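Got some structures for you, see below.
Two complexes, one shared chain (chain A), two partners (chain B, chain C).
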Partner chain A sequence: MGRSMTEPALCLNHLSVAYRSGGRDRAVLRDISLKIAPGEAYGLVGESGCGKSTVALTVVRYLPRNGKVTGGSVALDGADVMRLGPEALRDLRAKKVSMVYQDPGRALNPSLKVGRQLVEVFEAVGVPPAEREPRALETLKKVRITDPGSVMQRYPHQLSGGMQQRVLIAMALASDPAMLILDEPTTGLDATVQADVLDLITDLRRELGASILFISHNLAVVAQMCDRVGVLYAGMLVEEGRTREILASPRHPYTVALLRCLPRGAQQKDVGRLDTIPGFLPTPGALMSGCPFAERCALADDRCRTEVPELRESGDRLVRCHYPERAADVPRSTPADVAVPKPAGVGAPVLRASNLSKTYGQGGGAIRVVADVSLSLLPGETLGLVGESGSGKTTLARMLLGLVPPDPGGLIELDGKALAASLDRRRDEEVKAMQIIFQNPDSALNRSHTVGHIIGRALRRLGGLRGADLDSRLDTLVAAVRLAPRYLALRPRQLSGGLKQRVAIARSFAGDPRVVVCDEPTSALDVSVQAAILNLLAELQAARAVSYIFISHDLGVVRYLSDRIAVLYLGRIIEIGPSERLFEGPNHPYTEALLSAVPNIEGAQNARIRLSGEIPSAANPPRGCVFQNRCPRKLGAICETSDPPLAEAEPGHLISCHIYEQQFLGAAEIQGQRRRTHDRKAEGV
Partner chain B sequence: MKGATIVLSARRQDVLASLFRSSPFLIGLIIVAFWVICALFGSHIVPYDPYAEDILNALTPPSIEHWFGSDQLGRDIFSRVIVGSRDILTVAPLATILAICVGTVLGLLTGYFRGIVDDLISRLIEAKMAIPSIIIALLAITALGTSKMTVVIIIGLSFGTVVARTVRSAVLSERDLEYVAAAKLRRESAVHIMFIEILPNILSPILVESTVRLGYAIFAVATLSFIGFGLQPPSPDWGLAISTNYAMVSGGYWWTVLFDALAIASLVIGVNLIADGLHGALDD
Partner chain C sequence: MLHYIARRFALSLVTLFVLSLLIFFLGQVLPGNVGRFLLGPDADQQAVEMLNHQLGLDRPLLVQYGTWIWRFVQGDMGESYVYRTPVVAFVSQALLHSLKLAAVAFLIVVPLGIMGGIIAALKVNRPLDRIISLGGLTATVLPEFVTAILLILIFGIWLRWLPISAAWPDGAGALGQLHYLILPAMPLVLVLFGYIARMARAGMIEALDSDYTRTAVLKGLPWRLVIWRHVLRNGLLPTIAVVATQTGYLVGGLLIVETLFRYQGIGSLIFNAARGRDFPMLEASVMVIGVTYAVATLLADLLYSFLNPRIRMVSSR
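Now for the complex of A and B:
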């Protein structure tokens, strides 16, 4: 860190950026000023559409053709980026600043070997040819890639997402940049992989002393990674300060509301509702006569609507609000108390699945995506399914729905009656009883049909309604999912993500289903929208006693909505139990690792359990326990030879692990031994 | 096909705006519009009756009286070229419409059902494609006799198989989207899923394919006429004119062939420019 401490690594000075569209300049960044000191990590958070990525693009002058800087300046390491000539700009991009983007699969060239792409980076930096390859190997080692030689010889698709992101970080480090811009670097990665990559970035920061601009929608990740944080709203910086202080005691009503939207800790659907933010983000380029958040802020008065607040110092931070001292008391927009008590867990199981397996392919290439899964679901209960990509969550859900036939031998029962494996052979009533809310509403809603047609058709087919009955039911259903009637005439592409998901929810509830599978219904949504959708699901469940199978990779979300949780690993349920028990432990070693991988908003370091290696391929699972090759608590030979059964660690809490099996069997075994001695005695007599 | 018209109207503004900013599309449109006007009103505006023979003025080179010269029967070539657009502009579009209908249905069936239906129909289509079209055309025409309708059916069915493959691949990328699964979970019939759910979403590739096919159909009609199996004399059809006159080019009577050839070329280019423009505008 030989740079002068007075010179910030990055300095945005009253930066404004606009995109030209429809013949008009639309402001996307307004008057943003921020400084990042050398060696500092600065987090930029905000929901989609607030301009986070535009900041990153502006810093290296990668704005699209219709974008332009309408005011202010950007200084990188003292150089005014906007005034650089082409040659100097190339030099700056090659040597001083590096970027890592969200989707590592798309940032690498699929038809070139990783080594070749790395060597190219060193070429751009100006390293002599003979040194390029050794330097590439060295950088790969630096990002903790074991066996860098073989990784160099591979194509990007032969690496996992986490490895790809490591390679990209290696490329970003090639020039030993003063400034590292990370744009959602772990979004889309699994929890344990994300934890790995974040650890790596933390370590590298210590070693290299580069400044980091860390862009993320995930407040918890920012809490873990960054010294300071800036909150963006509608292209404006609304609050900035030390991460811990901002997240612990926010002063801008938007930050306050955003933090309240997150399902945290022990918050559960039957204890309290999440808060939501009413209204919508202003459209880019909207004229602002006052505070951008005024329309959605419960504290807003006439002054807020007519006078744009300045970014002012308020104690230990900067806040763009007329009344920062009142922000903490901003009233909730959704009452926390729950009107209806939870009806869960009564009566006989509505759905029961036993020994479900799914194998794709045949013979040697057979891949067992789901292996021998059994579960049951009570009326009004939510069963959370947690697992990383490739764990078989979605396939399991699709088998239950009949969209994918299970291997012979599996049994699915609805209300005690066996269901046909394939949807075509199920009875109308049975099909109606089980519906699904898909992850991506863009592909789940037919883009050629109007909202009214989509929901109406479902009511017609699933509810068997016609004419006036259908119309009145449509109105009730649309009101139940909080959609304004004017949306009925629109097509999905004209709606925001949250509204689209509401349409999908309305459609799945059209036939009064008994079981609704929610397949990551909020993973494509912003935090504030997610809170509203989760609340809606909780309300619908309370009102209709419907059961959910809730699939998610976000443990906080699963915890909020689930009564019981099942953890899947390589297509097997390795742990299943009541939600609160699962979070308190004892746990399967994999669940322990999963729980410890989730960054929390308090920024407190969890006792980290890091898994070595990668999730094995389902085509070639390890012998014995499927988790044995990565398990930090492996017992020994027994784990490699025998697959532990799901054993009851405590009432209703089953864990598939030899550790608990032995504890549990302890008592039984002693009894068995006694019987054997007793038998022997009897023989002797 | 109510869904189909709705989706077109919803996107109409975006698409129209980008179409009218695309110069290939505009140039293509002008060329094709010119020939369509000729086909519709050509007989009223031409200086001579295209069928009137004038043996005394046979084979005159281009002049003030006969802009494109006259043929061996003394007929005015300019009038014949203008009016000659009529036959080709009825036969080729009809053939294309038939091809699109056949191809869309086959493509939906093979793409949606996959499995045995796909294997069967796709192998038949491939078998058909392995035989040169011209041989199939000649066999069919000998069997059915020459008429405009025969030409329409032959070109339509033969191009239908090509369209089917395009539609099939579009269906393949749609059928695994969740809205299809949602429709299955409503117990919609296969016909409903294919024609009401999927078809409206693949209209863009079908539209582009149909303009491309139209270009080829014009070519095919001209070719069939040229080898004597398409339109029959005394029709002023361009392909037919080239066929009857091409032997005379070596005698120096180039005008008897050149203008008909240019007419075919301009129409094909015009249609292809439109296809290009549509492809650009719809491919967003």
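Now for the complex of A and C:
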């Protein structure tokens, strides 16, 4: 769409914002100018702490108590937002600008029914009382909510995350605003739900013609949604231009580095390491004598350190760099060619689980969270577990670790020896052999101890080390996870998220584990930090032949690290096979839908396979195949009556679907094959 | 919901059962022989044993406990050792007095504390907030006997606005009784005000900073409506839950105030019963406070779950 000749829907003019803390104002936005044309979608990207959300909150004048605009102006649809009186500001919020937030569950009032909260929007706009409810219903229909009448009568916590976000989008669109601000609207939602929400926003955009300010840390999502994109770093706009051009050929070293951190396409751990960005984001309010990125930029010279670059036109875009023409050649900070050798992938499995199920009783009914799962793990191998919330990934991992005892009949073996179901009955070596890395290192590390104490304690408990042995092992371990020794004296709260995760990794490696369960270890981290952690995990694996069970909702990340991938749906493995096979297909129809839901950074729209409805409750799974009620490729009656076995579609690639069962096996063979498959399942191939 | 009520009710019963065990057996641990204590040091040993037998004190403890609790459940609280008349009359009279005083204090402090908290939260970190927070804290840490004496001095003796004794003349109507109860209620109000205001302030600030309040403001709703519909309800929930548990303190912990204002409440009844080894009186008084407390907590839980749909729904599943 580019820049339009008409008045922009949103215009930031040399905007600067500061937060007051520790007795002084700390700049969080510095001299930001940007324009969004009517009907245009503008993406704002950058890592956490760079000021993305502050931009959004400034536009609607809802800065936190300690925040203030220190310079410049914001014009929304021609109105100077900072100069409006209370009544005019209220009117602007009611009619001209709407916002959708990251965490839909918290953005809705927990103690008011959804309908009431939606009706309020029309009240604020000044719609007569009698028309409010019909209009609210109509809006819910517009965001494709099934059965809007009953949704109106429900409380927010009775809706799924995707539904809650639809309700918020409905609220945002109800007043037909000129400007729609979406602040990480799909972060935290499952892949297929995210894809649905993004589709919905795309469709509605065509209908409504609202301008969009789309804030996201996810470059692929922005690539799919936005016409233009601005890259924010340390509160400054460092690059701006058409989305496709910027993502295809970035000119600012930060944009270049950011894109290199992402595991892309077929890139896997044995091919090469991900690039990382050294150093840290400048703290808010830091004095800037030069380019904000100079500290972390391999191209930086004296000019970069002493002279703040202007945001200058460079060909088809704006770049805040002294040497935009050299950006493409920024040397990598992590050499790509240090390939991590792929583990041999032979020998006896280190871990084998057979027929694991977990049933929780609830109010008379039984909920089968995990149903009859068998799997095995070779030494040095990574098995990726993917699946949406409620698919049983975490419960499965906890059963393997002994944190949750499986139902009777399930068997877990380590090196061929059966493990006790619960952790306190496992022997010390067995406990040492299986460790976990959590998503949130904050809650996993004891806040009152120093890093040295935390890792040292793990070495004593798991490694059984004392005295000088302990000290030398501590040094080796700390070096192995790339933690500088000076961090040993600090406490977790003094560390960044990435450093904390390194401490957590060091702790889990203290007892030389055979198997480490990684439960979304990088989900809470920025992409540059994520890249460093993924590299670290790959290196540790190559050096120590440790096996991983890697749980993540990010398929790109799973693909990068995993040798094999298992797809879970409603507690069952519906497909398992080598990573590359799984991404190439043929696949289970659910896997197909899951893969099609992943936005890619090239911005190319892949043919989306839409699933109808939501994941059924584990308390009441569909009869026959558990996926049959949402399956776009359902065969017919057979899917409703019989649960398809995991059958081998090609060597080592098993799919639980009647389509493949019929396609790959002669009808006469099915019976025999079924028996064999069952045997193989028991062996845990 | 019914299931939830039933469960809460059962829990209250368990609590009361444990309380009854505690008070009964703790009473046994107190040194001294009841018969000897009642009859005095000069009494004949035979008379003492006779009295103990009459009172049933020579039976096994479990039998004594069983008899006592069985009668208590049926409404028979036994006879006072000292007055030789049924305990019920004393206890119900004292409880009525205490409840009146507690009610007056409650009716003053709850709206006042909540209002204070709301105002402090809306003016957070401004002078008014500091005054309320600091004033509340000061009032809370001052013991009742200090504030009570000060209040008596100021309002009862210097200004002569209010009577310094809580004992109203016979035949005083509701308003007349209220006149006598305001001054005794004030120390309790002062103790609880800071506590309630701080709870309300914290809850309100959390609600004000919440994402749903942001949603409501950015909808373009007038500030007044945002506060009324979105902030108050969520912000005051925790306060409501905690306030009700304070009734226990209000009913049972008034000994000092009752003494200072010469008021015949349940606090002084317990005190005198304990001094006089009048176990039936002591046990009955404590149990009555326990029941009051249990009922108040139960009501608070019900109110909380009624106001909070998340709990209501989970519990009704």
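The rule is short, and it goes like this: the second predicted complex is superposed on the first by the 655 of 685 C-alpha atoms of A that agree within 3 Å, B and C clash if a C-alpha of one lies under 4 Å from a C-alpha of the other, contacts with A are read in each partner's own complex, and residues count from 1 in each chain.
The definition used in the following text is that contacts are C-beta pairs under 8 Å (C-beta built on N, C-alpha and C of every residue); 3 or more make two chains touch, one makes a residue touch a chain.
None of these values were measured; they are calculated from a predicted model.
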{"item": "Simultaneous placement of chain C and chain B on chain A, clash or fit", "value": "clash"}
{"item": "Which superposed partner A:90 touches (first chain B, second chain C, both, neither)", "value": "second"}
{"item": "First, second, both or neither for A:625, with chain B first and chain C second", "value": "neither"}
{"item": "Partner chain in contact with A:446 - chain B first, chain C second, else both or neither", "value": "first"}
{"item": "Chain A residues touched by each partner, larger count belonging to chain B or chain C", "value": "C"}
{"item": "Which of chain B and chain C A:101 touches, first, second, both or neither", "value": "second"}
{"item": "Partner chain(s) touched by A:436 [first = chain B, second = chain C, both, neither]", "value": "first"}
{"item": "Which of chain B and chain C A:155 touches, first, second, both or neither", "value": "second"}
{"item": "Partner chain in contact with A:221 - chain B first, chain C second, else both or neither", "value": "neither"}
{"item": "Contacts of A:111 with chain B and chain C, given as first, second, both or neither", "value": "second"}
{"item": "Touched partner set for A:461, first chain B, second chain C, both or neither", "value": "first"}
{"item": "Shared chain A contacts, counted only where both chain B and chain C touch the same residue", "value": "none"}
{"item": "Chain C to chain A touching residues, read off their complex", "value": "124-125, 210-212, 214-223, 229-230, 233-234, 237, 307-310, 313, 317"}
{"item": "Residue ranges of chain B touching chain A (in the complex, touch as defined)", "value": "3-4, 6-7, 10, 177-179, 181-188, 197, 200-201"}
{"item": "Residues of chain A that touch chain C when the two form their complex", "value": "60, 62, 65, 86, 90-95, 97-99, 101, 103, 106-112, 117, 120-121, 123-125, 155, 157-158, 168, 171, 175, 363"}
{"item": "Chain B-touching residues of chain A, taken from the complex the two chains share", "value": "401, 403, 423, 428, 431, 434-436, 438, 440, 443-450, 457-458, 461-462, 491, 507"}
